[in-house]
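Both complexes shown next keep chain A, but they swap its partner, so chain B is in the first and chain C is in the second.
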Partner chain A sequence: MKKTYYIQHAILITGVILTLAPFYFVISNSIRSNNEIFRSPFAFPQSIKDVFSFTVLKLTGRENEISYTVRTTDGEAVLFETRSGNYAEAMSHQWHTMTDGFVYAWEVLRQYMVNTLFVSLTTALGVMILGSVTAYIFARYRFPGSGILFYVVISVMMIPGILTLVPSVQLVTGLGLRNSYLVLILPYIASGQVFAIFVLRSFFKGLSEDLFDAARIDGANHFRLYWSVVLPLSRPSLAVIAIMNILGTWNAFMWPFIVNSDQQYHVIASGLYIMSTSQVATNYSAMYSAYLISSIPLLLLFVYATKPFIQGLSSGAFKA
Partner chain B sequence: MQHLKSIRTGAACYLSVLPSLALLAVFSFLPMFMAFYNSFFEYEVGGARTWVGFDNYLDYIISDPTTAISFLNMAILTAITIAVRLSVPLIVAKLIHSLPHERHRYLYRLAFLIPSVVPGVAIQLIWGLLILGETGLVNSILESIGAGEFVRGWLSDPDTALLALACIGFPWITGFEVLIFYAGLSNIPESVHEAAALDAAVGVKKFLLIDIPLVLSQIKLIFMLVIIGGIQSFEFIFILTQGGPGFETYVPGLWMYDNAFSFQKMGYASSIGVVLFVIIMFFTVINMRYFRSAEELQEAS
Partner chain C sequence: MADVVLKDLEKVFDKNVPAVRNVNLEIKDQEFVVLVGPSGCGKSTTLRMVAGLEEVTSGEIHIDGRLVNDVPPKDRDIAMVFQNYALYPHMTVYENMAFGLKLRKYPKSEIEERVQEAGHILGISHLLSRKPKALSGGERQRVAVGRAIVRKPKVFLFDEPLSNLDAKLRVQMRTEISKLHNKLDATMIYVTHDQVEAMTMGDRIAVMKDGRIQQVADPIHLYENPANRFVAGFIGSPGMNFLEGRIVSDEDTLVFDEGHVRISLPDQMTEAMSPYKDKEVVCGIRPEDIVSINSGKSWENPRDIMARVEVIEPMGSETFLYLTTGTHTFIAKVDAHVEPTLGEEMPLVVNVDKVHFFAKDTEEAII
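Entry: the complex of A and B
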């Protein structure tokens, strides 16, 4: 008898639906108008229903039956005006209903997105460079104190963030780094490189000695060994380390929120929180659009680099 | 292994690791020493320092009215998190692992990872507004099944605020934990499954008696991550309730934040950080000394 797995699939599919349900409502509300959301927060988007029904009317030659309500403001007064007839105008109205929230949210978030992208890419690059150089030295060279220095570096993993949060803020204030990109990038590289050094050092130690001998016979110097032998081989590890750091930067909230109060330097996480405490908070359509926009970069990373993304996600939590 | 050949190479080595070490010295070790040092002083930012010895610690541990409730809240939240993070993802991982087609197993694992592309702050705000808010999903469901008397602001009602915070993320199928447990289950050798089949251990019995003991090192890992995370985490409380209503959802980390950045009591805040650090160290040492992983147990036996 062939065993069936209906019960397993039923439980797992229920789990998937419950896990993803909040995001369905986020997507749905992001294309709905605030009026619709106020009236019923969990209904299906009217604009999608209208697009279908209007298209059916148009295709069956009943364009004159198209009817929709436009919300206009005249000074203080809010007016609702019913329009009908024109398919093209009706469609353009639906398009605006669906994208209004995004247009507004993007206005607010654009600078934060640019900041987060810049900070996360610079941090990832810095971690890859410093991490691989330092790991290479610790893995392949012996010099007085090298063993102790390595353990000093690794011991940083035992320092919890809660211990250093308050003095770190005082420190960067004293250094005059508040409200800049550096106040994010430098501490992120400092703490991000530790795990990279740890992982890459054991990887470099495992590389075959013959490889280095062969390169040395070909006349490679120390730098060429690093650049042309070690780095190309560690590309998969570097990808995981880069993604792990990008994930970390994208999620970091408290530090950027405290040290960068200037709007010009907000990142996505602090920007979303500040949006939710400002008058934008009642513009639900814009808020849901903002949540969606802020997820797109990591979603692209997830789709185009699924394997390193999963590994980066896993190793990121080991570090915590 | 290349050994030191000349003073020049040695100097080059030091020079190459210098940027890493300099960054760590400034942004990791210096703040750590500052935390201990500052905790013995009373001062505001830019103000004069007064040496107070262990007074900050004594004040915090003995006479601060928030200490008891905030530690209780931290313990409750962490205990609930441990319970759900160890049970639900393990069961889900087991269900996925039992499926016959690799394609199905892969798709389910991917599906549970999708939420990790959403920034943590966004997830917390979504839960606060869309699900636990006054017009949120929970209240809508209660209204529609005629249980309108239970409708409330789940995060603003003193009776429910803490539990509502613990419910964030329901059904708690976190992709990361599923991956870890799935990897653990995949590492169980085929011979174990065959032996179990011979002994007629199947279904729930096999899961409890065979699978769980063999993923003990994964359980231990997540247990420690949740404890260390639970002692430190206050971001989501800061975002959703600010510790309120009253002190119902205060945790020590949030009190540290408030003392440092609202009340300017920098020395006092540093001492709270040190207390939390000591607790984390306590659990880390206990973990390393007394909880042996499955591999170690196997080696020993």
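Entry: the complex of A and C
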């Protein structure tokens, strides 16, 4: 009994280490200088060690024992200068070592981040509005052919996106949409809607019929029903759709890379790729910082949206 | 307040399933009418047609003298209370009650006033800021009723509002709805499958079966003069006993002959029953009209019968006996102090003046 307990823990701990190792690798390298990374890619960041040891020296009254190396340039030549003594200057030096990569990466990424944020939020909003209206109609209106139409819409989910890549590019080229935000937003909304319709329709159908009757007697028309009753109740499902869409948009690489060649409209994934093929590629510290920066918004999204996300995913399954 | 008239009302669902057939009912202003019947009898469909939630296949619905067949629910000036409350889960109690008024663009001060008043009447003033999920079943149903009364509609419709409550709460809410009816002087139509609710609440009861109204009458009349076997069996708890047999003549009196049990009919029944001489009929006897022989009841026309005791159900105030004649099983409601033994052949007395007879083929009441 006890033995299996240890084995289980060993397996789980290994799993945790394997999962967290890449995070450690990216985070630690993002705050290290390129020199340090070249010397040993897996070592613990020297700057953190230094901050710790300098602080100990300062607190124990041995500030004069502080000593660190500064890399400077004199024309072509690279000089290494050893400085010592001043705690404040030493700390500021460490701070710069840690943040240099981020400052550089942010310079490059800022426009991409803004673009991605704008495109993903607009897309999510568009998908939620159009998807919920369509789903509401499929769930609450009966019109000839509604069943068939619904399955036609749903069947689009079965077509792999890569298959429609070439005609899609031709289409947006023909429409003159290349190199714009619209070339991202419009196709994303169109394709994101299908999943939204699928999820929301079954959610709307699961709502109590009496609720709709009560609202009709209360005097609600279809818009009121949709806006004041159905939408507020669908918050968990809408959260699922928003998260899935933002995630998809954030990670999309192929489409934005193909349809937008203008630097101005690049999004994070294509931007990172371009960054990694430019001269910045050798600045590892900056590259790791860029990776970290680009994934922070998604991490935040997950931290704050996990609960509604799980609720939304299981709402159909566990409803009585 | 208003009267409601249903004229030749019919409802046929898709695939030609008739749900309501030829329903005619006049509900007077301020009357409390109960539609009662087993599930699938069309009572809820009838109510939903009055509400406008279900389209009318044919016939007419008039509310306050106005033909409302094509009037949408919100313009019929009705309010409805549903079995599962149908409260808006994301709104507070206050918002739930105010929603209808808000949509009708009432001024804020009046909404506030009406909601507070309804909250006061129903004793839910302290719950106004809560969401439905933080309420008990009884409280939720009060909110649902509150949502109806804030609108001050002409007609209240109740669709099995107490079915989801536990037995004790159901009894309590029953009296509260009756009180509410007296207080509001409103026309109310109440649908239930529970004959006790129907008997205790209704000014009049319409018993339905298979989409048709079987009988409309006040509770006592319905109990004492059921129009057919179905109504007789549906109203009353425990239900009426039915014994199938023949009417035969024994010298100059008519006798109901069940095989084992023979009941001679009193003279006043002779005229009505003589056409059924030598024909099959169904005899209906209410459990309280069969008592043990030494019960001390002084009936004008008692008739002795013998039956064997199969099950004894003591209720405290009285005892239900499940008896068998050999061919039929029936229930007698006897005094609690009567203590028969199982399997005993027991002498009983039937109050023959209260006995009902139904034609076997049509099931219509003869007497």
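As a convention for this text, the second predicted complex is superposed on the first by the 303 of 320 C-alpha atoms of A that agree within 3 Å, B and C clash if a C-alpha of one lies under 4 Å from a C-alpha of the other, contacts with A are read in each partner's own complex, and residues count from 1 in each chain.
Going forward, contacts are C-beta pairs under 8 Å (C-beta built on N, C-alpha and C of every residue); 3 or more make two chains touch, one makes a residue touch a chain.
Being a predicted model, the structure only gives us computed values, none of them experimental.
Asker: Just from the overlay, do chain B and chain C fit on chain A, or is there a clash?
Answerer: They fit: once the shared chain is superposed, the two partners occupy separate space.
Asker: Contacts for A:Pro232 in the overlay, against chain B (first) and chain C (second): which applies, first, second, both or neither?
Answerer: The answer is second: A:Pro232 touches chain C but not chain B.
Asker: Which holds for A:Asn251: it touches chain B only (first), chain C only (second), both, or neither?
Answerer: Touch partner of A:Asn251: chain B, not chain C.
Asker: Could you say whether A:Ser208 touches chain B, chain C, both of them, or neither, answering first, second, both or neither?
Answerer: So A:Ser208 only meets chain C here.
Asker: Comparing chain C with chain B, which touches more residues belonging to chain A?
Answerer: The partner making contact with more of chain A's residues is B.
Asker: In the overlaid three-chain picture, which partner chain does A:Ile217 touch, first (chain B) or second (chain C), both, or neither?
Answerer: second
Asker: Looking at the overlay, does A:Phe143 come into contact with chain B only (first), chain C only (second), both, or neither?
Answerer: first
Asker: Using the touch definition from the top, say if A:Asp74 reaches chain B (first), chain C (second), both or neither.
Answerer: neither
Asker: What angle, in steps of 10 degrees, lies at chain A between chain B and chain C when each chain is taken as its C-alpha centre?
Answerer: The three centres form an angle at chain A of 80 degrees.
Asker: With the two complexes overlaid on chain A, what is the closest approach of chain B to chain C, counting only CA atoms, in Å?
Answerer: So the smallest C-alpha gap separating chain B from chain C comes to 9 Å.
Asker: Which residues of chain A are in contact with chain B in one complex and with chain C in the other?
Answerer: After superposing on chain A, no chain A residue contacts both chain B and chain C.
Asker: Can you name the residues of chain A that touch chain B in the complex?
Answerer: 3, 5, 8-9, 11-12, 15-16, 18-20, 22-23, 25-26, 29, 41-42, 130-131, 133-134, 136-138, 140-144, 146, 149, 152-153, 156, 158-171, 173, 186-187, 189-191, 193-194, 197, 209, 212, 222, 247, 250-251, 253-254, 258, 268-270, 272-273, 276, 284, 287, 290-291, 294-295, 298-299, 301-302, 306, 310, 313-314, 317-318, 320
Asker: Could you list, by residue number, the parts of chain C that touch chain A in their complex?
Answerer: So the residues of chain C in touch with chain A come to 48, 51-53, 72-74, 78-80, 82-84, 86-90, 99-100, 103-104, 147.
Asker: State the interface residues of chain A toward chain C in the complex, per the touch definition above.
Answerer: Checking each residue of chain A against chain C gives 208, 210-211, 213-220, 224, 228-229, 232-233.
Asker: In the complex of these two chains, what residues of chain B are touching chain A?
Answerer: 1-4, 9-10, 12-14, 16-17, 19-21, 23-24, 26-32, 34-35, 38, 45, 92, 95-96, 98-100, 104, 108, 110-122, 125-127, 129-131, 135-137, 140, 170-171, 173, 175-176, 179-180, 221, 225, 228-229, 231-232, 235, 238-239, 253, 256-257, 260-261, 266, 269-270, 273-274, 276-277, 280-281, 284
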